[in-house]
Amino acid sequence: MTFSYYPGCTLKTKAKDLDRYGRKAAEALGVTLEELPDWQCCGGTFSMSKDEIASKLSAVRSLASAKDKGNDLVTLCSACHNVLKQTNDAMKNDPDFSAKANNYMKLDVPYNGETNVIHYLEMLRDRVGFDKIAEKVTNPLTGKKIAAYYGCLLLRPGKVMQMDNPENPTIIEDFIRAIGAEPVVYPYRNECCGGYVTMEDKALAKKKSNKVASSAAENGADMIITACPLCLYNLNKNADESDIPVYYFTELLAEALGVKD
Amino acid sequence: MSKVTKEQVLRSSGVNVLKCMRCGKCSATCPSYDEMEYHPHQFVYMVEKGDLEPLLNSDSIYKCLSCYACVERCPRGVEPAKVVEGIRNAVLRQSGMNHIKAENIPDMLDEDLPQQAIVSAFRKYKR
Amino acid sequence: MQVNEKEFKPTIVAFCCNWCSYAGADLAGTNRLNYPADVKIIRVPCSCRVNPMFILRAFQRGADGVIMCGCHPGDCHYTTGNYYARRRMTLLFSMLDYLGIERERTRVEWVSAAEGAKFAATMNEFVETVTKLGENKRLEDLRCKEK
Amino acid sequence: MQRIGVFVCWCGSNIAATVDVEAVSEALKSEPGVVFSTNYQYMCSEAGQNMIKDAIKEHNLTGVVICSCSPRMHEATFRKTVQGAGINPYMVEIANIREQCSWIHKDKQTGTEKAIILGKAAIAKVHLNAPLTAGESPVVKRALVIGGGIAGIQTALDIAEAGFDVDIVETKPTIGGKMTQIDKTFPTLDCAACILTPKMVDCAQNEKIHIYSYSEVTAVKGFVGNFTVSIKKKARYVDTTKCTGCGVCTEKCPVKNVPNEFNLGMNNRRAIYIPFAQAVPKVATIDADYCNMLKNGKCGVCSKVCTAGAIDYKQQDEIIEEKYGAIVAATGFNPIKLDNFDEFAYSQSKDVITSLEFERLTNAAGPTSGQLLRPSDGKHPHTIVFVQCVGSRDTSGCGKPYCSKICCMYTAKHAMLTREKYPDTDVYVFYIDVRTPGKNFDEFYRRAVEDYNVHYIKGMVGKVAPRADGTLDVQASDLISNEQLHISADLVVLAAAIEPDKSARPLATMLTASMDTNDFFTEAHAKLRPVESPTAGVFLSGTCQGPKDIPETVSQASAAAAKVIGLLCKDKLTCNPCVAHSDEMLCNGCSSCEKVCPYGAITYSDKEFRMPDRTTAIRRVAAVNEAVCQGCGACTVACPSGAMDLKGFSNKQIMAEVDAICK
């Protein structure tokens, strides 16, 4: 099983663990992740304005390059996934935008959203299969009560992301079961932690992240897992009312598969 | 500031504000509600009325977390967050209206802060 | 006949079944949904009443486009009529291909009695397509022209 | 040569505003065969009709063209008019210059030009019209009502009252429908069971009514006056003629964990069950999905305890065929599934319930014996939040675009009854609009606010978050005070949108009745024929046609019955004379037409023909049974020799129209 892989800039610096464990776990599962040679920063956020073209071009370039490779493109960071998926959707379904973007880019062959973008979690669920993962777990995290934190970017807008039911997702809970732990369902798992304003409005970021972390703790979770470096930072740094730890889901996966060093 | 028109905001956001049936679910679901002077449903209604000035001058445009909760839950498919972003971009595109200045950034950083926070802040608050 | 050089107005014949599409067209009217006056509707009991001969006749007499509308598959008032119509039209299409008539000049569309908006949208689109293609010369029978 | 009169209608300003009616009647005057042409304000009025009659007499007209509204509107009117003046009703053609001309064009010149062309096409057709005489077909004096809820029950009772036989087909083991699950009814607050169950008993006891419970319609053939319907009687593994409804089997059955659909799964029933105490027919049914005996042959308890010997594990589905003159669809509604609305935590918390579940929780025959208790812990809720429009008025694709109509009133009822029975309860209702048109409806809603102090808040709930302590955090907006609220609730009740029953779509296909995009049956005319389907002989009763409350459903049910009675009273129906006809001289006996006829109206026989050389030859030729032919025209296109043609829509007539349009 071979996929193109888009790490994103944060995974090369502050979120090395998300990337490192993701790669190790993939290897253990027999999945080959080929890093796109010429990926560019996705921009971190998808501009909802229709007349914002230039800021979306870097994402289009990565998508077009993945098309040349011919494999599905796997992402890991929630924000990158959201940006790439939404940009790809616009290239596919917004003829005005794709015409303008293609005009700027002057590719040999115009790009019209041909690349299939999937998140690492979708790769685990739909390609590898959670049952297969459960079979390969050597070090099950038995007894651990884990709260999945989806945040906003992984699921919404649901019509574009199409990963799971945006109001009652199960993909990370199923993942938690696959690695032998017990999922904790809590109501704020799909509410925003305030990550985008963490620099600009600490008070708001604190308020929102505390709400998420407290809700998870109140429902008996030992830890929170996430796919987003910004959420991880925000929940660790700004949610000061509880000391519940936050990990990347890939770290736990690597641990369960016995490949965490 | 040169005049920002309703048409400009509608075109940029791609939103049809006339679809709104005034249920207020966007504001009911907004995680930044208490921080905002004008709330998502007011953005939609005021743009429809062409009453843009108060929105252009309000801090509320920087309080939207772009979490898509209102987009997801609106029963009419209005997508209020796109209206907020349309207004914010109209403001940012005016010269000298950058909400974040590069020279202030170092003060906001700490050693764990991921890149994407900075990148996206630039995208969202600066032209 | 005076030919207006500036603006080409196509002649379009629409065959509509009485139960669904003709009612859909009526609904478009009731809701005041505009579509070009170039479209003239002929009422037939069912799409299966449309003899491919009628379509050829229309082209022969100078129609620039012909559209046939019926109930959605499975919803035919006569149970199976639109299935026959669909099969016949498939055959007619390949014959028109053979004759070198642009495929876009003939169209089959399913419009229910509740789909006034769809009827208007379909007609707008079809007229636009046919207008772009321009006048139908190939099948026009000069003997049918009035002197 | 025909002598044709042309009559152009203004339809007040509906036509005259965008079509120059004077110019149209003037232009059509010079068409070949036209001997008279005029225009008038309202052709369909008595004065207009008299104008037509006078002209026919004065000018010896043989054909009439009316340029007016859609023929679907007034073709029958004008046919009658000309018949009154002594010419055949089928010598009329209508040019539709309203719906398909004046209403869709804004420019008067364009409208006028098109109207003239449409008029010319109608004139060209009328030249080729021939007088037609309608045949007759007999009427089977028996009606079928599909669906045994309050709509079907009322329709059946009214038809039976008029002296006609009527059958009810109901998929559930009992008739009664949704109304059996409802506790009280608005706006009078009388008990639903008290007003419904006597009607159910009336149905059972009326000798004109036959109930096929636990049965489905599987096929419909035929046409108005003469339908043949196949009904599948599903195996219930109980002989209904022997079962006394004593209920001993339903107490002894060892399978106790079957979700009870009557209480919406809030408690359990046995594998053999009687849905509720007042069921009609009151006989037991075995649920084959759960019965141990049927699944693996191990049990047989019910058979042992049944003193009547009614249990029959070998029973099979049975299909019967019955003939009917008229069919009434009364398939009803269901609340939508709430999978798309998990922001309200319906699937995550037992204490988030639908309004129908709330009905069961307050019903004395419900799972809590009428005590309003939280499903999670059985405690009495002190703060209840009602959310309106869950999935109604939703164009985002998650719900339904229409207003479900009944929710405002039943929510006011729930809120009021809660406050009356439990005055210590705080009740909040979040609404977008309160819609209470109807007799005594708004007064009812205001009583909830003014006399019972129910808190109505203009705004919507955005999220319901179940807390670890068992309460529900309801996050909502209050648009009047412009704030975001957090209410700590014990119970949240969602007013789920209603949708047509899933059986309606396949039934519509069987009946060839049309449906709208929401799967509600379409009526023949939105205003003037609201209880008839466009398909002759098929009538509509209750919510299968659109959202309705009980009073409205009952009115419509009786209206549908009146229409059925009007039909069944006739001994014979006038057939549509626009039927196929075969020219024996051209027919080559190939059977192509016979194969495509959906009604089996075409038969072949050997006939003797005199040949030109005075010999006789025997040839196989087609003949159309005019009483059976419905006039679709499939055969006319299938015929390779041009022998088959359709009266009223002949090849020549349609081609004349084509020629007129393309000129």
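As written, the chains take the letters A, B, C and D, and residue 1 is the first residue of each chain.
In this section, contacts are C-beta pairs under 8 Å (C-beta built on N, C-alpha and C of every residue); 3 or more make two chains touch, one makes a residue touch a chain.
Here the structure is a predicted model, which is why all the values come from computation and not from measurement.
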Pair with more cross-chain C-beta pairs in contact, given A-D and C-D: C-D
Euclidean distance of C-alpha centroids - chain B vs chain C, Å: 48
Distance between the centres, which are taken as Cα means, of chain C and chain A, whole angstrom: 50
Distance between the centres, which are taken as Cα means, of chain D and chain C, whole angstrom: 30
Chain D: positions in contact with at least two other chains: 343, 397, 463
Of all residues in chain C, the ones touching two or more other chains: none
Multi-chain contact sites of chain B, meaning residues that touch two or more partners: 69
Pairwise chain contacts under the document criterion: A-B, A-D, B-D, C-D
Chain A-touching residues of chain D, taken from the complex the two chains share: 339-343, 345, 347-348, 397, 463-468, 473
List of chain D residues in touch with chain C within their complex: 70-72, 96, 98-101, 103-106, 110-111, 113-114, 117-118, 121, 508-509, 512, 514-517, 522, 534-535, 578, 596, 598, 630-634, 636-638, 646, 649, 651, 654-655, 657-659, 661-663
Chain A - residues contacting chain B, complex: 8-10, 13-15, 41, 43-45, 47-52, 55, 77, 79-80, 151-153, 155-158, 166-167, 191-192, 194-201, 204, 208, 229-230, 233, 236-237
Contact set on chain C toward chain D in their complex: 11, 13, 18-20, 22-23, 25-26, 28-30, 32-35, 37, 40-46, 48-54, 57-58, 61-63, 71, 74-81, 84, 88, 112-115, 120, 146
Residue numbers on chain A that touch chain D, as the complex places them: 159, 165, 167-168, 185, 187-188, 191, 215, 218-220
